[in-house]
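We call the chains A, B, C and D, going by the order they appear; numbering starts again at 1 in every chain.
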Amino acid sequence: MTARFALLGAGRIGKVHARAVSSNPGAKLVAVADAFEKPAAELAAAHGAEVRSIDAIEAAGDIDAVVICTPTDTHADLIERFARAGKAIFCEKPIDLDVARVKACLAVVRDAGATLMVGFNRRFDPHFAAVRKAIDDGTIGKVEMVTITSRDPGAPPYDYIPRSGGIFRDMTIHDFDMARFLLGEEPVFVSAHAAVLVDRKIGELGDFDSATAILETVSGRQCVISNSRRATYGYDQRIEVHGSKGMAAAENQRPVSIEIADGRGYTRPPLHDFFMTRYTEAYANEIAAFIGAMAAGGAASPGGEDGLAALMLAEAALKSVREGRRVRVDEIG
Amino acid sequence: MTARFALLGAGRIGKVHARAVSSNPGAKLVAVADAFEKPAAELAAAHGAEVRSIDAIEAAGDIDAVVICTPTDTHADLIERFARAGKAIFCEKPIDLDVARVKACLAVVRDAGATLMVGFNRRFDPHFAAVRKAIDDGTIGKVEMVTITSRDPGAPPYDYIPRSGGIFRDMTIHDFDMARFLLGEEPVFVSAHAAVLVDRKIGELGDFDSATAILETVSGRQCVISNSRRATYGYDQRIEVHGSKGMAAAENQRPVSIEIADGRGYTRPPLHDFFMTRYTEAYANEIAAFIGAMAAGGAASPGGEDGLAALMLAEAALKSVREGRRVRVDEIG
Amino acid sequence: MTARFALLGAGRIGKVHARAVSSNPGAKLVAVADAFEKPAAELAAAHGAEVRSIDAIEAAGDIDAVVICTPTDTHADLIERFARAGKAIFCEKPIDLDVARVKACLAVVRDAGATLMVGFNRRFDPHFAAVRKAIDDGTIGKVEMVTITSRDPGAPPYDYIPRSGGIFRDMTIHDFDMARFLLGEEPVFVSAHAAVLVDRKIGELGDFDSATAILETVSGRQCVISNSRRATYGYDQRIEVHGSKGMAAAENQRPVSIEIADGRGYTRPPLHDFFMTRYTEAYANEIAAFIGAMAAGGAASPGGEDGLAALMLAEAALKSVREGRRVRVDEIG
Amino acid sequence: MTARFALLGAGRIGKVHARAVSSNPGAKLVAVADAFEKPAAELAAAHGAEVRSIDAIEAAGDIDAVVICTPTDTHADLIERFARAGKAIFCEKPIDLDVARVKACLAVVRDAGATLMVGFNRRFDPHFAAVRKAIDDGTIGKVEMVTITSRDPGAPPYDYIPRSGGIFRDMTIHDFDMARFLLGEEPVFVSAHAAVLVDRKIGELGDFDSATAILETVSGRQCVISNSRRATYGYDQRIEVHGSKGMAAAENQRPVSIEIADGRGYTRPPLHDFFMTRYTEAYANEIAAFIGAMAAGGAASPGGEDGLAALMLAEAALKSVREGRRVRVDEIG
């Protein structure tokens, strides 16, 4: 049985998900909606789908699931609407920038009994997933400490920054989710530092471009996160988990892995320079997992509660920076 | 303009090429032929193509190109037939096991003015291609010495061995092509050694499972090839080119690149265990290059002469093993 | 001119320094003192030196410098005594566990105009020193973020823990010094977390075995430190410095660097399992630098103020853990 | 009991061995001889030894062993002389460039019952020794194929080349010994190619600068050797042994192992640029093994027969190049 999809939002990430849906043998992209006609038409054509309005998709009998890739401030409304319409929902992170709004939205999802998956794509990266598997298999024993390095090749456009919710809600949120995915216990404390080191203009827009955070669980497990909007050598994405029996680490990925040796030494090419090429497999695996969850008729993972939890960690980190202290996560919301 | 393809031979490698054709936006798989009905029907269905006989494909007006994945002993006949029918031809290596037969076949292709590409997929591996690019860019200066390591995870089925033409024509032929691709000069001498170290039964079937060869060009450039039908740690595929200014090397590839550290040390997972997963990108790039050559209306590379040249090196290597001496390549044919 | 040395304390680290002095062509080990006769006699014999009392060394005309390797609670007294006696002083870290005592001691050193070097050996590791050189050369631009990983293969003996001053003053102090060495600005804020994850008994002794800290400088540069008393795979010592133009990182070191590949993957042996083999070259370079500073007649680096600064960061980290907040370093002392 | 040494030849390699003897706690350098007074005096002074003539050393009662580092054409005479004088002998490779002369010399050693060790230092490199240990431990099963890469950073001085015996006897001889050390069976066939690619002047002097060889044992085990007098990135010394259960490989070594990442990629520094820094530990271990053999009163390994066997492989390789054929090793001598 083929899962029939509609895609809401034909932008950059929308294209990524359209491809993931189309190339999945268990799915078919039926409709595309976008506020602008041209990108919607182009993306629909490329995948043999048709352009429809959101209203039409909501009412359609030939759509089983929606993928929400519209701007963040529309996510919660769309989730509620399609939950009520009986569709399975895959929504890009975050659900909303406001914790209360997320909670209200999740209540609607719960009431409707809808399947909701949140787009924390990194959980589906084969390398990160293999680290998690090493934990689950007991290979490294009981988890003690986690290190997450996440550095972007460059900052987002200035006009995006005010809408982004700031570095913790926009960028670090992926790392907060990864920390939860790996720690095996919920973080209860957060200490964070943040600064403007890369681009003064980012500071003028009220955001930071460099941040570090420590998460601590109730038993004392610690996770360190290091973030920057600058990495001249590519998209730096590493995790390292230390347990009682050993360590599991996922290394960086590069599109071409040759080595040139000469008088200056041994040089390997830069890393992937973009999240879309870095996480190609992750996006495909993610949609496959969503389709699997739909088929199983149960909850998707990561679900709405995971989206909420990561957002609360982002809020706690921001509060920690502002107040100069360790923040309990349950102070949030 | 979309290139319309027929696939001849729905076996293992046929499936690989069917996928490469289907996922290429400039191509469409129209027809599949196979001596057996079921695999043909299944593969056709999977790609929205139809099953046709070879005769029908030859006569068809809606087919621009054929991909030949049938058994080796049918290659030369099919190439001639489709060259005369005015189709572009992509043929899996080798064209034939016999040098004279290959020469006759290429004469027909030449007369027909057909586009013929031979399936030396490794030239299209992004890592090997990047090494070649480093040579072309002058990064490592004038090429002096090349080392090629090619070790299979396991031997082919016993029943294949007598039909394979032996290790040099079946396995090393890829390395001979790679040597030509990298040396920048034609090899003129070959010295080779071969033995049965992995499986005595292979020797009883008249073949070897372990081989080494040295190729030398007219100016003295040397290439060393090391082959085995055994590699417990996966599909070992490395090249290393030393030039007057430095070295360029392509490392092995693994599907998952985590590292586990414990009391025994630091362990990374095995390599790809199969040529199809190792060379997924290479197969896609190869078909793309073929489509590009068709569109340009010119010769494809690697073409028939490349297939012949690699086969002659294989013959020379076998002769070297048998006669215990350095063989001039022009002694062959 | 040969620098004539006396060694105070013939224990584990004393032996390391005795070897470094003896094998330096510009130095000679003349005398060894220890509270116990046998180790003093053995170490003296091994290096062609004689056993003397501390009083005799203080009064000796044939001693230019002392290396203090006695228990921590004797360091400050000995430094003062030998500073007044006109000897150059190399003292193992820390000068004292108490900030006020250190300050008093340094005042004496200053008044005496003595050369004092503190044993932060890691600055002299060739790999870490090369990272610092990359910073100094401008290779990575302006420093922005530093990551220090320091994990011991095992915890110290239980009876040492109460005397150690706790993990921050005993273990992390090396990392605090390394942070100062690399950041290019003084840290002004510290946030730290600490827990007992490895061995409950360490907690019962009032200490932690797992700790993380963030240091922040006045311009917002951040350093993350991750510490554990457990590393099953050896002595894990890595640094990573991110600057505006790139990154410089020092990898772990292993005594033997082979690789074994088999069905389980590719395995390299564990790291060094002990600080003395890991930092052999560092200890030799450190003593060489001290001898160089003596010859130049000037200040040694790292000097007493560096010892004090690292200790203040340790105090600030402990205060941060206890009070659950970001601590200003100038709150200390 | 301390082994008392005399060193014959105070040149570059003589200094290396003097240091190895001096820093060994079981040995003492008593005397140095050299045709030139100044280097002898300087080296003796640096190690607290005295200058003596070769005659005096031969007659001395306070010398147990000699280390022969004089020019190659004096080795065999000196070995015979000191064998008859009852001294243990460590001799730099080769014993002589002529197989018959070596055989005659070894007969004298045998008659005298002398301990003779030949300076194949690479056997004592900790990394190469660990590969051998992996073989001995059965970790990689039965050895099948060996790959040895040995590339010098630069060619020797022109005036040395005519005296060197040519690349096979001067440079590859180390690799021939390593092949014997790793193959577990004696090579019986050799095929080799050689050319002048680096420096035309080397060809004018009658030598080659680039060479490859295949060795084959009676059961078909194969070793491939790749040599060049050029490596812009440092002293390239790698081995790789493939067995029935897996592979063991020793990687290159570099003095500093940092990594710099920027827009051009990830760069590690060049390798050691000289055999003396690359093989520092090997030289120390080698002398230690010699002292151990003396103490045990038995044969040293590698001994005279190993020196002979490697020389015969060099002769066979040269014959193979000249005659364009596979040469049986027993054709030599």
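Please note the rule applied: a residue touches a chain if its C-beta (ideal position, glycine included) is under 8 Å from a C-beta of that chain, and two chains touch if they have at least 3 such contacts.
As the structure is a prediction and not an experimental result, all values here were calculated from the model.
Set against the Cα centre of chain A, the chain with the most distant centre is D. Between A-B and B-C, more contacting C-beta pairs join the chains of A-B. Centroid to centroid, with C-alpha atoms defining each point, chain A and chain B lie 40 Å apart. Chain centres here are Cα means. That of chain B falls 57 Å from that of chain C.
Shown for chain A are the residues that touch two or more other chains, namely 232-233, 245-247, 261-263, 269. In the complex of the two chains, the chain D residues touching chain A come out as 232-233, 261-270. Across the complex, chain A meets chain B through its residues 23, 126-127, 130-131, 134, 139-140, 245-251, 253, 255-263, 269.
On the chain B side of its complex with chain D, the touching residues are 144-145, 147, 149, 151, 189, 191, 193-198, 210-212, 214, 216, 219-222, 224, 226, 228, 230-233, 242, 244-247, 324-326.
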